[in-house]
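The structure is given below, and queries will be raised subsequently.
Which chain is which? They are A, B and C, in the order written, and residues in each are numbered from 1.
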Amino acid sequence: MSKALLQVKDLRVEFNGVKAADGVSLDINEGEFLAIIGPNGSGKTTLLNLCTGYVKPKSGSIHLDGRAITGLMPRAITRRGVARAFQIPQLFSAQSVLDNMMLALAARDGLWTMIRPLGLSVRREEAVALLDLVGLRDDGNRVSRTLPEGHRKLLDIAIALALKPRLLLLDEPTSGVSTLERFTLMEALMSALRSRNITALFVEHDMDVVQRYASRVLVWNAGNIMAQGHPDAVFKDERVLKNVVGVA
Amino acid sequence: MRMLILIVAILAVLAAPLAAPWLQFVLTLAIAKGMAALGVAILLRAGLISIGHAMFFAASAYGVAFLAAGGISDFATLLVLSVVIASLAGALVGAFLVRYRAIFFAMLNLAVSMVFYALFAKMYGVTGGTDGMTIPVPTVFGMQLAEPAFKSVLFYGSVALAIVVGLAVRRYLDSPLGHALSAVHTNEVRLEYLGVPVWAVLLIAYIVSAALAGLGGAIGGFAIGRVVPDFAFWTASGHLVLVAVLGGIGGVPGAFIGALFLELLHSEATALTDAWNLIVGAALIGVIVFLPKGLYGLFARDEVAAK
Amino acid sequence: MNDIIPLVLDTLSSAALIFFAAVGLTLVFNVLRVLNVAHGSFYSIGAYVAASMCFFIASKHLNPYLSFLALLVSAVLVAVVLGPLIERTLIRWTYGKSEAVQILITFGLFLILEDAQRMVFGVQSFYEDTPMRLMGSTNIGGIVYLNYQLFLIAMAVVVLFGLRFLIKYSRLGRLVAAVVADREMAQSIGVDTGRIFVLAFSLGVFLAAFGGALAVPTSGVAPGLGADTMVLAFAVAAIGGLGQIEGAALAALIVALARVLAIYFEPSLDAVAPYAAMLVVLLVRPYGLFGTMTARRI
């Protein structure tokens, strides 16, 4: 029924002798909303770095749609339809929120014009619509540096969405976002993913969010997958409860 | 309102030589250097400082001299070809340099320009060494003009070119490619993660900046009537950097205003010319220390990961 | 063999001077994280001061051996006067600012210092080779060696190992290492980083000025020396990897060899050879032989 969009096989990488990925294999199927949970420093962000080409693996392979993307640059992998939102928001901090969005949209459509302005009305409308989606509609003219942390996070996610990816990698999308706004954000995000047919993988610490939205959970520990399955099943696993969730 | 001031300023520049004929040369030179500084200012948007752009100014002027010696005498043809030469030189140097940032970029530009200077000063047989080469008065639309007439044509032509170039650069900076330049400075990682090849964005900017320096160099060469290796000397690049920084505060017209101000000061206050580099250096420091707000995001450091 | 030995000697003595020009630059970068574009000016100022002192000694008919002392004293003088003055005012202002600002500020300083030298010392060249003549030459197997060349090589070796020793074993060196490793941490455990910075910067100024002083007897000093030295010093620092002292030593050898080979075989390429060497190294290793590019954490 569903086929693997991203296939990771036997991925290994280490930093100064610490194995951040120790022979990891995993598949992400189309339409999934896959959560990764695990203790801090267990290599979750490294997995995202590997899948997007920011870090090159020592061995192993990554395939997107059956085609190898191992060793490609982040820009090449992005162009193949993988977008990323970051744990620490990566914005163009000196530019306005709207310019951040429009630059992302321009990049998606091909940046190569020196004549037509960035602020074309079509582009502006699409940018505003995306900002509306994450609740930043009124902040368009603010310099992005001046946004509060949680809103910077939202803008970072909106930028990734603007690329119309097939696969979206989210690194702790709800960290820094207030508990109150957390579920509003997740609802908006889920509906955006569904309506745009975007498959997603997200690293998350909030177990409530994981339980409620993930279609599958990977439990990560010390550079490898410790357990995986449907959230309900995974959260019954003794080892998981002890090591990751912190309830014995 | 700004538009109005600008128009008045342009008219004043156009009328100035009628009132004071000696101003014509100074103004032509100021426009030439303003164009080159505009090139440096484009790179400044990306946080890149070139301490070597005078080499493209010189390359183009030498191009004119060589082409003229080779028998091409048409003004427009010489202008276009010399800009092409500067652009090619920019593509060649840029292809190697755009992978570097910050101090490496600045110093490697300086190094390349000093090699250029040394070679052109030494190859006496080809370039005339430190004596340089003469740039003869070209024909304009097939007419051989007397020198004063040509200088007037050059001046009014330069003003027209400056307006066209200024508008074009404004458009460029307002386009996605132009915005991508500032984005290189603020967050290169995000730009890569938008699927943008940063090197291509920078190479285009580098070639454009070399072309602008080249256009300035051709005009400057015609105005002076001679090209010498000193055109490429690093202090000349330093003056372009100062003007570009001034332009960073005043936008595109700022580069021309800055160049004009410096040229007027240079030609008027002859007592100062002995300490000219000292003044330029002090002005550069003064502008950076006391007027930092206008310099785009040059002062903002990248947001480095907090964890 | 008779061709090789002079070539080796020329290379080593030339490398010694180039090393002096570059080591201070790389040292200061290592500690302050500021690449001082005006560094080459300290080399030429050192040369001018040393030449002036030697002239003074000669004109007053003082003991000519004093000119050796003059070489050292002039470098100390330049370091003591200019080092703290410039670090405490301009350089300090740039800490924590973007690299673009640091480049613009030190480049402005470079322009000022170059013109200031012209105003103080004029535009003529100075040659003063008393120390070299005093040392004489040695004739081995029909080849004449200038003892001064050997002296230069010895000085560079002393400085290289002296710096290593200073950084590895002295208290100051350990403090510097702490500041280099983690500035905030060093501050929080009570290291006076301001003092470390001023000392490191002045030491950098001293090394450059001393190099310039040592160069006077062999090649004299002329306007433009500062700019040439700056670019050469950067080439060496870049080849070795910014901040790497041993890298600078090795790179100085490479650059000197390129230059000496050019002088022996194709003199017109003399000025270009160091940059050609730099180009080749940077094409293969963009951040130098020992340099590393640290990736940003995201």
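The working rule: contacts are C-beta pairs under 8 Å (C-beta built on N, C-alpha and C of every residue); 3 or more make two chains touch, one makes a residue touch a chain.
If you're wondering where the values come from, they're calculated on a predicted model, not measured in any experiment.
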item: Chain closest to the assembly centre - both centres taken as Cα means; value: B
item: Longest centre-to-centre distance from chain A, chain (CA-based); value: C
item: Separation of mean Cα positions, chain B and chain A [Å, integer]; value: 43
item: Rounded Å distance, chain A centre to chain C centre (Cα mean); value: 49
item: Cα-centroid distance, chain B relative to chain C, in whole angstrom; value: 32
item: Interface hub residues of chain C, defined as touching at least two other chains; value: 298
item: Chain B: positions in contact with at least two other chains; value: 185, 189, 300, 302, 305, 307
item: Sites on chain A at which at least two other chains make contact; value: 54, 87-88, 90
item: List of chain C residues in touch with chain B within their complex; value: 35, 37, 90, 93, 96-105, 107-112, 114-116, 118-119, 227-228, 230-231, 234-235, 238, 242, 268, 271-272, 275, 278-279, 282-283, 286, 296-298
item: Residues of chain B touching chain A in the complex; value: 171-172, 174-180, 182-183, 185-187, 189-198, 201, 204, 296-297, 300, 302-303, 305-307
item: Footprint of chain C on chain B - complex, ascending; value: 44, 47-49, 51, 96, 99-104, 106-108, 110-112, 114-115, 118-119, 122-123, 185, 189, 234-235, 238, 241, 245, 274-278, 280-285, 288-289, 292, 298-302, 304-305, 307
item: Footprint of chain B on chain A - complex, ascending; value: 52, 54, 73-76, 78-79, 83-84, 87-95, 99, 102-104, 106-108, 111-119, 145, 159, 163
